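Listed below are the structures to be examined.
Here chain A shows up in two complexes: once beside chain B, once beside chain C.
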Partner chain A sequence: MSTLRRLWAIPTARFALVVLAGVAFLAVFGSALAPHDPLKQYTDRVLEGPSGDHLLGTDYLGRDVLSRLMAGTRLSVIGAAEAVVIGAVLGVPTGLASAWVGPRLEWLALRISDTLVILPFTVFAIAVAGTLGNGLQQAMFAIGVLISPIFFRVTRAVALGLRTQQYVEAAELMGASQWWTLRTHIWTKVLPNVAVTSAQAAGAALLVVASLSFLGLGVTPPAPTWGGMLASDLGYLTQQTWAPVFPGLLMMATVGSLNLLADAIRDATGAGTSARRRRRTPATSRKERSGAVVS
Partner chain B sequence: MTAPATEPAPGVPVPGDGAVRADSRARRALPFLRSLASTALVTVTVLFLASVITFALGALSDSNPAAAALGETATQADIDRLNAEFGLDRPLVVQYFSWVGNALGGDLGRSWFTTIPVSDSIRQALPVDLSIAALALVLAILIGGGAGIGAALSNGGIFDRAVTLVCSLLGTLPPFVIGMALIVVFAVKLQALPAGGYVPITVDPLEWLRFAILPGLALSLDVAASIARQLRTSLVGSLRENYAVGAQMRGFGRSRVLFGHVLRNAAGPTLAVIGLAIPLIIGGAVMTEKLFGLPGIAQLALQSAEKGDVPVVLGTLLVTAVIVVAASLVINVLQKALDPLARQGSARRAAR
Partner chain C sequence: MTRTRTPLAATQSRRGFLGLSLAAGLVLSLEACGGGSSGSSGGSGTNTLTWAWQLPTTWDPVTSSAGSDVQMLALAYDPITALDEQGNAVPWLAESWAYDAAGTTVTFTLRSGLKFSDGTPLNAAAVAKSIERGRSQDGSLIAPQMKSIKSVAASGELDVVIELTEVDYQYPLLFAGKTGMVVNPAAFEKDVDALATQPAGSGPFAVTSYVQNDHASLKRNPNFFAADEITIKALELYPQQDPATVVAGVQSGQFNLARISGAQVEAAEAAGLDVQVIDSMFVSVLDVNASMAPFDDPAVVEAMKFAIDREKLKEVVGFGVGDVNYQPFPPGYVGYNEELADVYAYDPEKAKQLLADAGHTSPVKAVFTSSGQSAPAVELIQAQLKDVGIDATIETIPQTQHTQLVYLEHSKALTYDGFAGRESPVQAFQVLFGAEGLMNPARQTDPKLEAQLEKVKQTPTDSPEYAGLLQEATRIAVTTFPNTFLQLMPTIVIRKGVSELPASPSLRRFEGVTVS
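For the complex of A and B:
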């Protein structure tokens, strides 16, 4: 609770939280509140500009852009959230464990994370769609798996740094069980870092989901998503150059807010500050590099 | 370092000198060899794991050549016959090793539809992506490097803040939107450049540049932003270090200190960022291909994925992984070459 209050004290965090609350609201109630049916085609009003009837105009099939934006929020957000959850579930426990298991398993875990890092999102997602079938679940699985190394490395770096702290060593010497140490000393320090990473990864996942729907992977038309709307606007650029602006702005606001929130959590909780002090250790430099992927 | 650490003391007999030198040379070469071996081990393991992941996708897939080629009309006999023809009735371990063994020899199997060798299709499509990705990398380094250096020089000034703002905004947009914006500006409004199409670089380099510059630019901006951000951070940090301040106090100009002293040290972390950006560039090339209608590896993979043509899909994934690993190795070597600590005891140095 005190963390939330500290977060609220930062102006950029307040802005980000308000924007994200708005997005969450749209995700829940967007399709119910949409002024038009997002799939209804007003065939006599194709590619119109904003008007009283259609506040943001219509797309190439005469569908209401505002309604599609509102209704599309849910699929876009759920997709990104699912990918982040999969990534965290795969990455955080393994990251914690890798600080404790023997050097051989640790080496192998690091190599697996290396391998996942080198696979490009889009190519991997295409391969998953081509082998396991094209759908939202498969696409999210693909993104989640490729996101997991970020969580793995962040968690591992923090856990490794904490293991050599004197109070953790003292606890272990006094006979605390590993599980107890993990829960009391490690987890509370790992959590803010996981939160920062989640916010960053959610922003990145949102962009990747959009990119995939642009490629025709994941959510299949006519279901509206931000990325899908951007993609379909592309074919009509000559007629309507401003069409990509609305979904683009919405996406920018969401991803930007997530990035701002990540920075604010870092400032409010001091996550990653201990790592910055010990810059020379390979684990932390790796962590910083993995952070660079997301940003 | 021209003078070896074991400078012979005066009076030491000359014949011993050579032995001492050879000994120290070997001692210096050892860490280098060890780092070489560990790099090789990591690379081989990563490639092995990538091939396992790729193969596992194919093994988990429930599509088979008969269903892919004949669709609903395939009978069980057809399925069995085609499975046997493509070797899919063998145990998975055997399949894996024959697939990897053939892949090492440059044979990625045949398409289930056209029976065209996968490696031929990839060889045709790959130059498109590689040339565009290379162009994007060059543009990213030029733009990102320029912006980062400029921002560091105007630390806190208007240019610095502008670069920071543009970088954060670029990071909030999917890469294809940037490409769209470029199409609108250069192809639709200015009518200066083509919005799509491709001419191979081997046919006409100038025409190629005309077609490739927009995709390359679209691809590079994202990476340029991360390069600029990282370079600015490391440069600002390094400019505060004692050696930079000292050089300035000795009367060297600001740009002389930057280019002569600091840039080399700040380049290390930036190279790491570039190394991590390579998967992004290759993955982004997929996007730009679709955007600009280029006949590259992504179109191949996408079309094959739609049809369930597993060998082609797996082939593209594997080739992409190999390319990224190779590029990362180059970055790794460059990093070592730049960093005197990593280079210490390298064979090159000891040989001098």
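For the complex of A and C:
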């Protein structure tokens, strides 16, 4: 609770949480609260501007833009969340295991992580969609797999640092089991870093989901998504120059808020600072040693 | 102290980097704004046509796998004949042709003095060798159209004599397209694979450089037989541009000729560009696989034909451009059947009744495949089908997989597609309804149609009976086969400093076209 209080004390965090709460509300209730059926085509009212009937106008098939934005939130957000969950599930336990279990697993996990890191997100997702079929689940699985090295590396870096802490070594000397040590001393320190990474990864995943929808992959039309709406709007810029602004703003607000939240979690929990401090320690020590020799 | 300073340092570092990035971006943007004169001028004032259209799958007409390639290939190659605005064969490389009395031998007489772009003579021997390669080379995609050729031989310098295994009066029409494009034998005898990137023909232009998937540079061919009519000195060919940028591309001078859709007409006119709508033979069509559920039930197919409001498609998707059409040929074409003018006019009640009579009490499930060609049309048709009780789920496939999945594997039940027309109507029937037809997904044939097409082939194209026989074949095909024709899609081009293009329905040609 104290962490949450520290988080709420940061103004940018409050702003981000309010925006994200709004997005979450839309994801849950957007379809139900939409003023029109998001798939209903009013073909006599195609590409109309904002009016009393259609507050944000209609699209190229006469569908209500506001309703599609509201209903599209769910698929856009769920897609990103799904990818983050898959990435965390694959990356966090592997990161812990690579620091705790023997060198063989460590070597294998590092090689797999290195391989995944070099694969470009969107291209890999397109390849997976081409192989497994074009669907949101397939695309999110691909993105989740590619996100997993981020979780793996963050978790591993923190775990490696914590493993050499005196209180961890003391616990091990006193006969504590690995599982107890992990649960009691490591997990609570790793969790803030995972939270920061999750927030950042969610923003990245949201953009990739939007990019894939933009390319016609992931979500099957006519289901609305922010990226899909943005893509189709670009074909009718003559008629509605302002149309891409709405899905663009929603995406910008969501991704921006996730990044602000990630920064705020880091500041509130101190996540990342200990790792950086530890990374500097050997260099500092070398300087000190070399300084000693020179003097 | 460390915990408070480190994030601040990191933030400052990020801010510094961000500031540098913004500054660099600003400088580059200003440079881009002010540096317009150093970019491509789009050929304005240089008699260069910069054309945003499409690049071919290959520059070899024998291995070309797309019907639409014929447009680009016609820049570099000449066919033996050409088509007039009604789709009749007219002289091109051949100034005349004649069948013998039996109809099994046709002799094409070439113009005299023809040359390939490299200056070598284009004579009867060269034409015979080119046809022979097209019908015998491994991997030739035009060979199936020349199955009835028994032999090809040169007779003298100008006559090409083709002996047939059966009566077939379609060859003068067939030779107006890729099948009749003459390739320089010196090129394919030396390195046939090089033709894919280095065309060797006699057309109005010669390719000087080609960067795959990027652009092709061509220059005027002084050896083209009608070179006097070509005033364009150079032609830069680019792929079709994104709808969001195409008008701006022409307005800015990046291109001076481009293709647009109905949605961009308003913007092009507002930008002061010349908009030209040219009738074409392109018909949008639903490829229906009658061997796959639910279209293995003829009632579902017929209900679907009545369920689609084509007028609404034209109005909403085409922005009023185009014409509703229920058959593969446009009005005025010899194969167009007037009786089919309203054969599947929108009638949702009839569609519902057809489904009910066939025992479909709950929505009929179907998968509707789209390769993203016209997402609005696909979504509109899906909604119209749903209104009558056909619940189609849209499946999007990459455009690059369309040929493989739809044409070759026949693995899709319902696909939105377009038919670009063919020079010979019999060839068009083979593509759409033939046993090996690419756009006949179920590869099902109809004996009545086969018999009718035999009659068409055996009837001279100038015979009074020809039109009637062909139109009857159209009637049989449209009312028997599941392919559902939707609308004629004219070609809309925007021009800047380019004179009006000739209104040929099959090809964009540049004889007499000027660039200022």
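We adopt the following convention: the second predicted complex is superposed on the first by the 278 of 295 C-alpha atoms of A that agree within 3 Å, B and C clash if a C-alpha of one lies under 4 Å from a C-alpha of the other, contacts with A are read in each partner's own complex, and residues count from 1 in each chain.
Here is the rule we go by: a contact is a pair of C-beta atoms (placed from the backbone, for glycine too) under 8 Å apart; a residue touches a chain by one contact, two chains touch by 3 or more.
Because the structure is a prediction, the values reported are computed rather than measured.
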Combined model on chain A: chain C and chain B, fit or clash: clash
Touched partner set for A:121, first chain B, second chain C, both or neither: first
Touching partner for A:112 - first (chain B), second (chain C), both, neither: first
Partner chain(s) touched by A:141 [first = chain B, second = chain C, both, neither]: neither
Per-residue contact with chain A, leading partner among chain C and chain B: B
Which superposed partner A:222 touches (first chain B, second chain C, both, neither): second
Contacts of A:15 with chain B and chain C, given as first, second, both or neither: neither
First (chain B), second (chain C), both or neither touched by A:234: both
First (chain B), second (chain C), both or neither touched by A:267: second
Partner chain(s) touched by A:256 [first = chain B, second = chain C, both, neither]: first
Touching partner for A:61 - first (chain B), second (chain C), both, neither: second
Stretch of chain C penetrating chain B in the combined three-chain arrangement, among 55-63, 109-117, 397-405 or 469-477: 397-405
Chain A positions touched by chain B in one structure and by chain C in the second: 126, 130, 134, 216, 234, 237-238
Residues of chain C that touch chain A when the two form their complex: 2-3, 6-7, 242-244, 247, 263-264, 266-267, 270, 312, 315-316, 370, 372, 375-376, 378-380, 382-383, 393-398, 401
Sites on chain A touched by chain B in the complex: 111-112, 114-115, 117-124, 126-132, 134, 203, 207-208, 210-211, 214-216, 227, 230-231, 233-234, 237-238, 241, 244, 248, 251-252, 255-256, 259, 289, 292-293, 295
Interfacial residue positions of chain A with respect to chain C in the complex: 39, 41, 43, 46, 60-62, 126, 130, 134, 216-217, 220-222, 232, 234-239, 266-267, 270, 273, 276-277
In the complex, chain B residues that touch chain A: 42, 45-46, 49-50, 53-54, 57-58, 60-61, 63, 168-169, 171-177, 180-181, 183-184, 188-189, 226, 229-230, 272-273, 276, 279-280, 282-284, 286-287, 290-291, 298, 301-302, 304-306, 308-310, 313-314, 316-317, 320-321, 324-325, 328
